[in-house]
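Two complexes follow with subunit A in common, the first pairing it with subunit B and the second with subunit C.
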Partner chain A sequence: MNSDGNLMDPEYKEAVISLLFQLADDDFLYSFRGSEWLGLAPHIEADIAFSSISQDSMGHAAMYYKLLEELGAGNADDLAHYRPAPERRNSILTERVNGQGYYMETPHFDWAYAVARSYFYTQAKKVRIDSLCESTYKPLSEVAVKMRMELYYHKLHWDTWFKQLLSSTDEAKKKMEDAIKLVIDDFGDVFSYGKQKQQIESFGLIGSEEELKAGWKENIEPLFASLQLKVPAIPDHPVKNGRIGEHTRDLEEGLSTLSEVCSADITAVW
Partner chain B sequence: MGEENTFYQEYEIFSKRTPNSAFQHQFSLLAPNEDMALIMAQENFMRREPVADIWIVNRKHLKRMNADEKRTLVRLENKEYRTTKGYGYLKKKWRQYEQEMLDEKEILSWGGERK
Partner chain C sequence: MAASVEISAVRVHEVLLNVKDPEIDSVSIVDLGMVGEVTTDGKHVKIVLLPTFLGCPALDIIKKNTLNAVKELPEIGEVVVEFAFNPPWTSDRITEEGHKGLREFGIAPPPRHIKEDGTWHVDCAYCGSTYVTMENIFGPTACRSILYCKSCKNVFEAMKPVSTLM
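Our next item is the complex of A and B:
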């Protein structure tokens, strides 16, 4: 189907918009949390590499918001900055703070958590993007093909960190296992499509929740086998489901921080 | 590949022209070991150019990218902000603000407060 919102079946359009908000908000919040590591990563080259990946992901979010704009959902920048927490459709995994403290004062962030979150998120993004390349909504499949090009690098980066830390010292292994538990506890809504599940799946916008979950598991199994670990099970019922607007306090704090400058003068021209 | 059975090995040769310049890859050659590689590199390829230092690296010690890893090198064309050309519009903006700064109204508003 083409991108002319006026000619589109209203139900189809509603499903596309619903899915796009989930995809856009995921990458937006994920890259915002990633950007909070600037200057703090445990190694200077890791710092630059993580920042580049965060910029790439922010670019992906911008592409999704642009598709929403083309469908008449609102201006892309406004959609990114000004929607309050209950309107957000990102997984709660992407909104979680990086650890204790704040970026501006005494950040005691958890690198193991950053690696674990990025690893599992990127693996989930990989199966979603692969599936989106076949989407019935043409503009979406086109951007997915583009994003897939950069995802090879993101995946190699996080696969490497994940593997190295889990096959390092006992202390590193312990920290990673604690971090994996935190990440998986929040993973219940990653593959959820919220209230529009039925429509999103039957219109063929993306593969079913079950298909994607199975693909994710299949992709990460070899690495876990090589580390002699079991693939952690995704919880059946999410603690909170971001896809239906249920969020943690971390999201509100994050949104007020990320929109602080543009909210200070909303008429300014950038 | 059966490289253990091969007398000759492949070496990559790097050199720099002056003590302060950067090493540059020059060429590769076959030699039975690195000492032989060094003298061959020096005798055969650096007779005319000034050389301050030479590095010899056995090719099997290089981490090289496989086809799959090369796929990680692709970038999308949406990163003008990483290059100076992404900020080309700033010049125009500066000019605009400088002009505004020195207009009549601005100059008159200085009156009295300046000596």
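Our next item is the complex of A and C:
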């Protein structure tokens, strides 16, 4: 195999593209939901941190879309903005709204949910990125090395928030436990590779679903043990599987908000 | 017959010393460690830049400024500037000159050492005191943190250490 995997093999290329869409759409939606907290986080340090993490994550999504562009899948910006919901491959966890109300009106967002989603998502991203550093597709392993260094700070941040809220007042604990339940209910597709599972795994693009799940559990176990909590079990069957294009209404609404400005004048140059 | 023009990598390097970080005008992209490789072929030049943080909005500006600066060279041919990820940019690529420039700007340079538990320490960018506290690991840009100096009572920024060991 050459250094870029075997792109001459159409099956290999198709598997790379399929995985890249999952990675790109995950970070794209995660960073969008994160950016909706701008000006709303509990205090200014949290606000700055979340904005910075969202900016990094949007940068990661942009890198994945760029890799897709290089594989002839289409223009990176178009892939980010103009693909309708059924074509998206993100986990449903990343598309969920932050709570009730709209950002532009009266948002009643749920900070416990933001912390729980970010904590579990970042932990999942950590095992994925570690595995991608060993990918047979070299352009992907190279960006993964870069992303891992940025993710280090994200993980530090969300680990701290997660631990502190769960070690806080009874009210905070209750809110966190409710939020964890919501997050885990949506976690069934996070480690799914959808229809291309077999190819993605056998070409060595990333570790298997099972390996990653086990790694995720192993990584979070010490923190849960220190809080005297059990690691929640990932559902065997996802409610909806975003990796095969099953999504919630939240995604459609999110995408129309996200793309509102660029859709207003698609010929404009930014 | 005119002699064919040869642009040397050394000459290009000199030009790149004048391309500054758009937000920190005391530090060049060379001293930030962002220049990965310069190759020349006759009068054509290719420059590979290493991005600091992937979501950094300054990257496109840096790319454009690099291109424009090198194009100023007399009798220059084609100039290509591209970003690459190998080797990855790490904060230890910042040169001594870069550290000096950052301090001049009021930003503490990234620490050379990170402790085993992942913590790190920098001294105040203004007074050099070691009596500082971390206000926020995240700062006004992706690459900076916000600290507070208990000696001179100034808030200051530090470049985050970034390493492949993370």
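We take it that the second predicted complex is superposed on the first by the 263 of 270 C-alpha atoms of A that agree within 3 Å, B and C clash if a C-alpha of one lies under 4 Å from a C-alpha of the other, contacts with A are read in each partner's own complex, and residues count from 1 in each chain.
Rule of thumb we're sticking to: a contact is a pair of C-beta atoms (placed from the backbone, for glycine too) under 8 Å apart; a residue touches a chain by one contact, two chains touch by 3 or more.
None of these values were measured; they are calculated from a predicted model.
Student: Label the relationship between subunit B and subunit C on subunit A in the superposed model as either fit or clash.
Tutor: With subunit A aligned, subunit B runs into subunit C, so clash.
Student: Can A:93 be said to touch subunit B (first), subunit C (second), both, or neither?
Tutor: neither
Student: After the superposition on A, what does A:146 contact: first (subunit B), second (subunit C), both or neither?
Tutor: In the superposed model, A:146 contacts both subunit B and subunit C.
Student: Identify the partner contact of A:127: answer first if only subunit B is touched, second if only subunit C is, both if each is, neither if none is.
Tutor: neither
Student: In the superposed model, which partner reaches more residues of subunit A, subunit B or subunit C?
Tutor: Of the two chains, more subunit A residues are contacted by C.
Student: Per the contact definition in the header, classify A:56: touching subunit B only (first), subunit C only (second), both, or neither.
Tutor: Both subunit B and subunit C are touched by A:56.
Student: Once the shared chain is lined up, is A:45 touching subunit B (first), subunit C (second), both, or neither of them?
Tutor: second
Student: Mind working out whether A:20 is in touch with subunit B, subunit C, both or neither, as first, second, both or neither?
Tutor: It touches nothing on subunit B or subunit C.
Student: Mind working out whether A:156 is in touch with subunit B, subunit C, both or neither, as first, second, both or neither?
Tutor: After superposition on chain A, A:156 lies in contact with both partners, subunit B and subunit C.
Student: If the two structures are placed on top of each other, which part of subunit C overlaps subunit B: 4-12, 94-102 or 112-120?
Tutor: Given the superposition on chain A, subunit C and subunit B clash at 112-120.
Student: Which parts of subunit A are touched by subunit B and by subunit C alike?
Tutor: On subunit A, the residues that contact subunit B in one structure and subunit C in the other are 55-56, 59, 62-63, 146-147, 149-150, 152-153, 156.
Student: Could you please specify the touching residues of subunit B with respect to subunit A in the complex?
Tutor: Per the stated touch rule, the residues are 69, 71-76, 78-79, 81-82.
Student: Given the complex with subunit B, which residues does subunit A contribute to the contact?
Tutor: Residues in contact with subunit B: 55-56, 59, 62-63, 146-147, 149-150, 152-153, 156.
Student: Which part of subunit C faces subunit A closely enough to touch in the complex?
Tutor: Per the stated touch rule, the residues are 51, 53-57, 84-86, 88-90, 118, 135-142, 146, 160, 162-164, 166.
Student: Can you name the residues of subunit A that touch subunit C in the complex?
Tutor: 45, 48-49, 51-53, 55-60, 62-63, 142-143, 145-150, 152-153, 156-157
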